[in-house]
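Note that chain A is present in both complexes that follow, paired respectively with chain B and with chain C.
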Partner chain A sequence: MLEKALIKENNRIFWYWILSLVVLVGVGFNSYLHQLDQGLTVTGLSRDISWGLYIGQFTFFVGVAASAVMLVLPYYLHNVKEFGRITVVGEFLAVSAVIMCMLFIIVDMGMPMRVLNMFLYPTFNSPMFWDATVLTGYLLLNIFIGWNVLEAESKGVNPPKWVKTLIIISIPWAVSIHTVTAFLYAGLPGRHYWLTALIAPKFLASAFATGPALLILICFLLKKFAGFDAGKKAIQKLALIITYAMSISIFMVAVEFFTAFFSQVPGHMVTLQYLFVGAHGYSQFVAIMWIFVILAVLALGLLIPRKTRENDKTLIIACIFVFVSMFIEKGLTFVIGGLSENPFGEITPYIPGIHEVLISIGIWALGIMIASLFYKMVVSVKRESDFANASFNKQEMRDC
Partner chain B sequence: MGLNFSLLIVAALILAVFLGVEALGLSFLFGVIIPYLALATFIIGFILKVVKWAKAPVPFRITTTSGQQKSLPWIKDNKIDNPATTSWTMVRMALEVLFFRSLFKNTKAEMVDGKKLTYQWEKWLWLAGLVFHWSFLIVVVRHLRLFLEPVPAFVTLIGKVDGFFMVDLQNFYITGVLLLAAVTFLFIRRVLIPQVRYISLAADYFPLFVLMGIATTGILMKYFYRVDVVSIKELTVGLFSFNPVIPEGVSVLFYIHLFLVCTLISYLPFSKLMHMGGIFLSPTRNMPNNSRAERHINPWNYPVKVHTYAEYEDEFRDKMRAAGLPLDRDGAEDEAAATKE
Partner chain C sequence: MDINRRKFLKAGGVLALGLSIAPAKSVLAGVKGKYAPGPNALTAKNWAMVVDMNKLEKDVEACTMACHKEHNVPNIDNKKEEVKWIWTDKYGHLFHDNKHDFMNKEMEHRHFLALCNQCENPVCVRVCPTKATFKNKEGIIMMDYHRCIGCRYCMAGCPYGARSFNFKDPRPYIEEINPNYPTRTKGVVEKCNFCSERLAKGLLPACVEASTNGGLVFGDLDDPNSEVRKVLDTQFTVQRKPSLGTKPKVFYIL
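Take a look at the complex of A and B:
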């Protein structure tokens, strides 16, 4: 089955695509070697902003990974047949996203060579240890599930029974990865922006908006470039999920304002002020924060009315808006904004280093490359099984 | 039977070194004489084997193929799987040697629910084989630092990459552990799958146990019972510069490690491990499949006395004509030509 990802079909565009991704990965890797040599000083991280671009994107992609559950849960627990065709697409998206997450963690380490010690000398009361554990588990679960389900399909049989057990386990597991990631932030008494029980549910809600939005975009790409049709019904079901999840996550962003400004707790207000209007003379994030607001509102405006949600073109635009706006909110400003005001009440600006950006691009490229290879495999298996089913049906009709 | 026998032999070998070095003080035997003998056996045995194989006549193209042969221009041929030129044969050989391409294609046929025939891709054997061979290669290259002075830059680099991760604050060579894990997997597979176990002999188990022994002693020396690397390097460099010395304070673990390596390399030319050289000499893999394009004549064909039909007709023409049998040449023109002259 793996050969389907590697065999060179007459598909030049695909291999140019992979080649260009390889080049980007190479550029990123080169920057990483530089970072390994010089240390984290090549990044924009500092004493106050110790988590930046890397950890922000890590948080965001944990959400993308967890969102596979939005296909798996309806299909396996509620028998939503429309998703049967694309559950593996979601699972392989999760695999690529988790790999990206792990890489974002590794590049954020000053001494990545010591990472094994984390498992050899586990600190059980540290969310870091649990995050590493649940992510590894989730990666393995999705590789085994996705692979075996697809392999069974290519053989034309039902997946083995133990896979079903793994699928059931993977559902709460998906929730756990994002919850544990939220606990990295929500348990820190010194950071008011993060110190709320709402972080975990907010993360999950935004994950269930961004992941499916990305999935819809992938489905449209697969339809355009690989002739793989996910089905109108499946896309519409996903669009509905995005609409609810997006509404809930925007709601959760908004209620923070009430708590902060009605209570007038300074620590609670300062980060929101800094992000949306600027504080202490710093206004680094104000522009992109308002882009987030505008995109989020526009996305909801396109998603909620039935007419624009059911139109492919407006749906694609809405999905892009959802993805970009949530990437700004969760992937860029949530982490950096939360750290910006230090315990002395001073704001530290953050400008990522050039290598930091290149490394991030490299990780994106690698994730996209892994996903592309997986999807090539998925598409060729689906094409073969569609063909087999079609000829089987013809045979049956003739027999009648 | 083969399993117990091999295990016993390997245990006896280890015990022999242990007693020999610890009780009898035979470190010169195990540190100098046996390595020289083993190396000589390896080199001479290897050459003889290759020469023997190279001399075997291979008159015809007997390539194994799994793709469309090159024939008519409008039929697309599979250049890698059915190579028609030497360079494509080399590509196929390289893919086979570096990535075990034929093993990658290994599938297992299975009946599901007694009605549907399926082919399961057998990935684990391929994967474990690949991990084992590549790890072994990297481990061997890493060991060059114990033989060469100054240590070449690429050896240091490979060691650095391989030992990137740390356990505690000590560099941890991934390939060493992968090597042991892969060999163990291959052994367990051999024992657990009844069909594979049925065809396994002592010659299959023995190399696995020797490899396990080598990897285990290596890991023990590196991480658990640290040995004096400087004096070991003194010994190895002494060996290869033909000034053998036995430095003080070399642990018996090293002698066990060395002796098992000697066992492996001296056993290699006479065993299935010779596939290392044999792969390049296997006629089914090292020839282009061009029988349709070129005529290959058996080089040791002796001249055969033949009597062709034309000659036969010349001999019996008159009789055949008299009997009214059809003739290729009725001979009338020949006679006419003769009378003209």
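Take a look at the complex of A and C:
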């Protein structure tokens, strides 16, 4: 089946696309070699902002990975048939996203060659050990599931029974990866912005908005460039899921303001002040935070009314807004914001280094490349099985 | 030779198992004796320190110098990447949740000594994914520089800013290398270790030794007759951020 991803069909644009991604991966890799040689001094990280762009994006893509469950759960537990065609699209998105997560962790490590110490000396009290464990498990689950479901389809048979068991396991597992990721932050004394039980549900809600938004965008891209149609009904079901998840997720961002500003506890207020209006003379994130607010409000404005939600063009815009706004909130400012007030009550600014940005772009490019190759495979399998079904139907009609 | 796939996999499995057991065996066999504390070692159940700034005032610089020299702490002149085991900062920073708007300015700006609090209930140990940071038998929070993966979770966890990360190779920034203590490599976290290597040789911590006026009192918190306990019994002392439940073992006489 793998040959379907690699075989050179008469498809020049696709291979130019892959080639340009390879170039970006190469540029990122070159920067990474530089970082390995010089140390994390090439990044904008510091004693105070000890986690930044890398860990922020890691957190964001755990959400993207977990969101595959929004297709799998309705399809396998509630028999939502519309999703049948695209569950593998979600599963392979999860695979690519988890690979990106793992790379973001590795590039953030000071001693990446020692990464296996996490499993050689398993430490059950550390949320990071559990995060590494559940992420690895989730990667394997989705590779096995996606691969077997697609292979069965290419052979025109039903997937083996044990795959169904794995699928059922993958549902709570998806919830676990984002919950454990939230626990990395939500249990640290002295980090007020993170020290709230709302982090895990907030992460899940934003994941279930962002991931499906990305899936819709992918479906439209596949329709345009590969002639693969996910079906209007499936897209609309996803759009509805995004609408609810986005509303809940914005609600959860908003309620933090009440707790912070009604209680007036300085530690609870300072990060929100710093992010949205500036504090102690620093206002680095103010502009970007307001972009988040505007995009989030516009996205909801397009998603909630039925008319714009059901229109492909406005739906695409809404999905882009959802993705970008949540990337700002969760991928950029959540992690950095939590560390920005140091233990001495001072604000430390943070500007990522050029290599840090290039490495991040390289990881994005690699993730997109893996997803593209998977989707090429998916599309050609679907095309063949559609063709087989169509000729089978014709045969049947003739027999009648 | 007749070797099929099944046999090959079996042999591979046995080999892998052997390889994974071998290091454990050598560790179990080799550890005793070689790394045991010396005959004059200072021992305690729970080391702790009292910082008396009134007595320490003049010795502060000597304390930090002694420590950083002893432990090959690099002198990186960049606030973002500096490495420090012991340092001074103003009251308004170290006790920033305990200052108020009408505070005596002299007090607010008065410098206090800061170091790892060697918490009874340490967040860094709780979060470390590899046990590279751990609490030893004497209540000291130790660092294994050879196991640390540089994830910096401990830095996010520590509410006292006591941990430093080696953003670059620290060796060019060490003025004079002390051969009795290891230098570190880039990519690992480090911090004060209450001079456990000196205690093992029967010496007091370098900073305590440098505080000639008795500004730093060092002793066993679990021994009611220790000097530390006597000071704590008789004087008013405070800890940094006690409300976080970390139970710091560095106490201050203001």
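Here is the rule we go by: the second predicted complex is superposed on the first by the 400 of 400 C-alpha atoms of A that agree within 3 Å, B and C clash if a C-alpha of one lies under 4 Å from a C-alpha of the other, contacts with A are read in each partner's own complex, and residues count from 1 in each chain.
Note that in this section a contact is a pair of C-beta atoms (placed from the backbone, for glycine too) under 8 Å apart; a residue touches a chain by one contact, two chains touch by 3 or more.
Worth saying up front: this structure is predicted, and the values here are computed from it rather than measured.
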Simultaneous placement of chain C and chain B on chain A, clash or fit:
clash
Which of the two partners, first being chain B and second being chain C, lies in contact with A:Asn125: first, second, both, or neither?
second
What is the contact status of A:Thr136 with respect to chain B (first) and chain C (second): first, second, both, or neither?
neither
Give one of first, second, both or neither to describe whether A:Thr165 is in contact with chain B, with chain C, with both, or with none.
neither
According to the stated criteria, A:Leu339 is in contact with first (chain B), second (chain C), both, or neither; which is it?
second
For A:Val157, using the defined touch cut-off, is the partner it touches chain B, chain C, both, or neither? Pick first, second, both or neither.
first
Contact-wise, after the overlay, does A:Asp108 reach chain B, chain C, both or neither (first, second, both, neither)?
second
Figure out whether A:Asn11 sits in contact with chain B (first) or chain C (second), or with both, or with neither.
neither
Decide which partner touches more residues of chain A, taking chain B and chain C as the two options.
C
Applying the document's definition of touch, where does A:Ser263 land relative to chain B and chain C: first, second, both, or neither?
neither
Which positions of chain A sit in both the chain B and the chain C interface?
114-115, 117, 120
Spell out the part of chain B that touches chain A in their complex, as residue ranges.
104-105, 112-113, 116, 118-121, 123, 164-169, 171-172
Contact footprint of chain C on chain A as seen in their complex
38-41, 45-48, 50-51, 105, 108-112, 114-115, 117-118, 120-121, 123, 125-129, 132, 184, 188-191, 267, 338-339, 342-346, 348
Residue positions on chain C within touch of chain A in the complex are 79-82, 89, 92-94, 96-97, 123, 126-132, 147-153, 155-161, 164-169, 186-189, 241, 244-246
Which chain A residues qualify as touching chain B in the complex?
1-3, 113-117, 120, 151, 155-157
